[in-house]
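In what comes next, chain A is part of two complexes: it sits with chain B in the first one and with chain C in the second one.
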Partner chain A sequence: MTINLSPDAVYVPSQDVVAREIEGEIIIVPLAAGIGDMEDELFTLNPTGMVIWQKLDGKKTLRELIEELIHDYDAAPEEIEKDVAGLMTELLKRKILVEASSG
Partner chain B sequence: MDKSFHHKKNPYVSRIESSRVPLWLNKRPLLTHLDMEITERCNLNCIHCYINQPAGDEAGRKKELATAAIKAILKDAADLGCLSIRFTGGEPLLREDFEELYIAARKLGMKVILFTNATLLTPRITALFTEIPPLAPIEITLYGMKKKSYETVTRTPGSFEAAWRGIDLVIARKLPFAVKSALLPPCLDEIGEFESWAAGVPTLSDAPSPVLLFNLRGRRDSARKNAAIRKLRLPPEKAVAILARDETAYIANTLAFCSRFTAPPDAGLFRCGAGKGGGAVSADGFFQPCLLLRHPDTLYDLKTGSFNEALTRFFPEARKIKAAHPDYLKRCAHCFLKGLCEQCPARSWMEHGTLDTPVDYLCEFAHAQARRLGLLKENEDAWAVPNWKVRIKGLAFRPGSR
Partner chain C sequence: MKHPAVDPSEPIAQIGELAVSGPALREMIQAVLQTGRPFRFKAAGTSMSPFIKNGDVLTIRPLSSPPPAFGDVVACIHPDTNKTVVHRLIGRQNRRYLVKGDNTRTLGALLPLKDILGCVTKVERNGRHVDWGLGPERRLIALFSRWRLLLLILSFLQRLRRHPVQEQPYD
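Entry: the complex of A and B
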């Protein structure tokens, strides 16, 4: 499945998942069927993923989100763009993330 | 602020199984799993049940926590990090608000383990489990493969057909489930048939593990029922013979268990995880270290307190209680069969109303297992064996133990 990210789109967590922050970790729990590949499956994010996830406020476009990260962090802009695209693509593929209008 | 951004070590998103331990990379949450006995009432009347009250018991229904109270408990549990809840009873599906409670738990991000006899499963409920999966196998009790044996156990006409209707719905929906049976006299001859059926069901998550040691009434509410339950227990040697019918698997499993847990426990009573990172909420709102332990000294009233206080202060204090019963100090405290023996404060409570009185049947059963494994000779008492470590070591070299 090819995922095309749009810089002007707003991406939000799907209503079919529940995200819980527990002891400094984000645990994403499927609510509806079709999120995980099998039963008894949850998801966690790495520290980069957590930073990005916490900025998904349902208002910022992808472009704005990246700009904010570039402002907040010392990393090279192209590295941040690559990380954001990597995470977003994976979450969209798993239907954990959706475009705001379809959420 | 930590200004580092890119972390190369892990993928952005990792899949984990919720049963994985430890689930958390950092600190373990205060509450990881909760058992919720949402009713003591049941639509069946099983001969061996340690809890059930009649389905229409109005007094029992009035004592039950209201929907809002259970939802508040679920929210409190989630706030402490709980990701796993077991709804049990009685028969949890007797509650008219079951669907509401189930959805509430799932929306809090919890996986839900449902203990049920399957008789009240409906197309509507199984459709709900399909749409919003519990994320854990449904656990179904099944006492007999034939109407006669099943209903001799449940004492409820029509329950056999109802249970199979429920199981068929679960199978048709391809919902993962587990089956719990019991080695009760009416269905002892059906073990083979039961196992053959289980082997042919692809969505059955594990091989069925039958219950052998029937608990007495947790509320200590009926001497008559307790006497009847005692009569259902098999003689220890016979029970062990059934357990060990696949000798190789029996020895391998028992050896794995022994190597982790076999050692004299001294006077410490709580060797299990009861009240550590979890516990059980009774139908009337008491927080117990485990589902079975209702001794007043270990009950915490959630209606006037909090999970936090129970788990950080009340249960840790309760767990410090030492055995004082002379028989326990003479026998159990020095017995190396701890890993084979089900003796625990909950079972002492159910049998004797104390935390530390040895339960003779459990003792005899552990000794019978030890004789079967070659750990003990006839008429030998495990607590009087000085060289028990040598014997455990010897077990590893028995045929079938590798």
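Entry: the complex of A and C
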């Protein structure tokens, strides 16, 4: 599946997932078949993923999110862009994220 | 909380079975039930044996009206331990609910409705439904539990199963 990220789009967590920060980690439970299933596939984010996830406030566009991260962190902008694009693509592929307008 | 085989280099990793307990489990249950959807997880412990055994997979539905009834099996926050437990509702006193594990010798615990997270609607053991204890018989079980007769009856039934009464042959 090809995912095209739009820099002007706002991406938000899907209503079909529940995510909670528990003991310092983000745990994402997809509500597959309308059930929150701890026996099914669950997801966790690495520290970079957590930082990006916490910035998904439903207001910022992808471009603004990247700019904010470049401002906040010391890493090379290309590195940050690559990390964000990688995570967002994965999350969209797994339907954990959706575009705000299609939310 | 533990989740083996997570690659820390991946921004997102799929985790298999997630062993959560205590506040973490409660938080996940509440988060899912608040969306109005059921929650499915593996039970740990023997306090509801033989109706729910260690490792059974339970489905909990959010509370709806009317409130939980006598005999229902509920996931709740135990007032003494503050842990999430699955116990049977065996009575009401004023506006509080009396819950007790079927396989416990305690008198049970009284708690307010807000500490009841949801009702168990399905029990799966080795991939098969075992809903004995959730049907109409749940009221009788609750009654025996309240009278503190349930453990006696269960142990009697267990003994019967182990040593079935042999029919005497005719001479």
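Everything that follows uses one rule, which is that the second predicted complex is superposed on the first by the 96 of 103 C-alpha atoms of A that agree within 3 Å, B and C clash if a C-alpha of one lies under 4 Å from a C-alpha of the other, contacts with A are read in each partner's own complex, and residues count from 1 in each chain.
Note that in this section a contact is a pair of C-beta atoms (placed from the backbone, for glycine too) under 8 Å apart; a residue touches a chain by one contact, two chains touch by 3 or more.
Bear in mind the structure is a predicted one, so any value in this text is a computation, not a measurement.
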Do chain B and chain C fit side by side on chain A in the superposed arrangement, or is it a clash? clash
Between chain B (first) and chain C (second), which, if any, makes contact with A:43: first, second, both or neither? both
Quick one: classify A:100 as touching chain B (first), chain C (second), both or neither. neither
Is A:20 in contact with chain B, with chain C, with both, or with neither (first, second, both, neither)? both
Does chain B (first) or chain C (second) touch A:29, or do both, or does neither? both
Chain A: partner with more touched residues, chain B or chain C: B
Would you check which partner chain A:9 touches, where first means chain B only, second means chain C only, and both and neither mean what they say? neither
According to the stated criteria, A:80 is in contact with first (chain B), second (chain C), both, or neither; which is it? first
Clash-bearing segment of chain B, relative to chain C, as chosen among 147-155, 255-263 or 291-299: 291-299
In chain A, both chain B and chain C touch residues 18, 20, 22-23, 25, 27-29, 31, 36-37, 39-46, 48-49, 83, 86-87, 90-91, 94, 96
Chain C - residues contacting chain A, complex: 1, 3, 6, 8-18, 20, 24, 27-28, 31-33, 35, 37-42, 57, 59
Residues of chain B defined as touching chain A within the complex: 1, 3-7, 9-19, 23-29, 78, 81, 83, 106-111, 130-133, 135-137, 176
Considering the complex alone, what residue numbers of chain A touch chain C? 15, 18, 20, 22-23, 25, 27-29, 31, 34-46, 48-49, 52, 83, 86-87, 90-91, 94, 96
For a test of understanding, state which residues of chain A touch chain B in their complex under the given definition. 18-20, 22-25, 27-33, 36-37, 39-49, 51, 69, 72-75, 79-80, 83, 86-87, 90-91, 94, 96
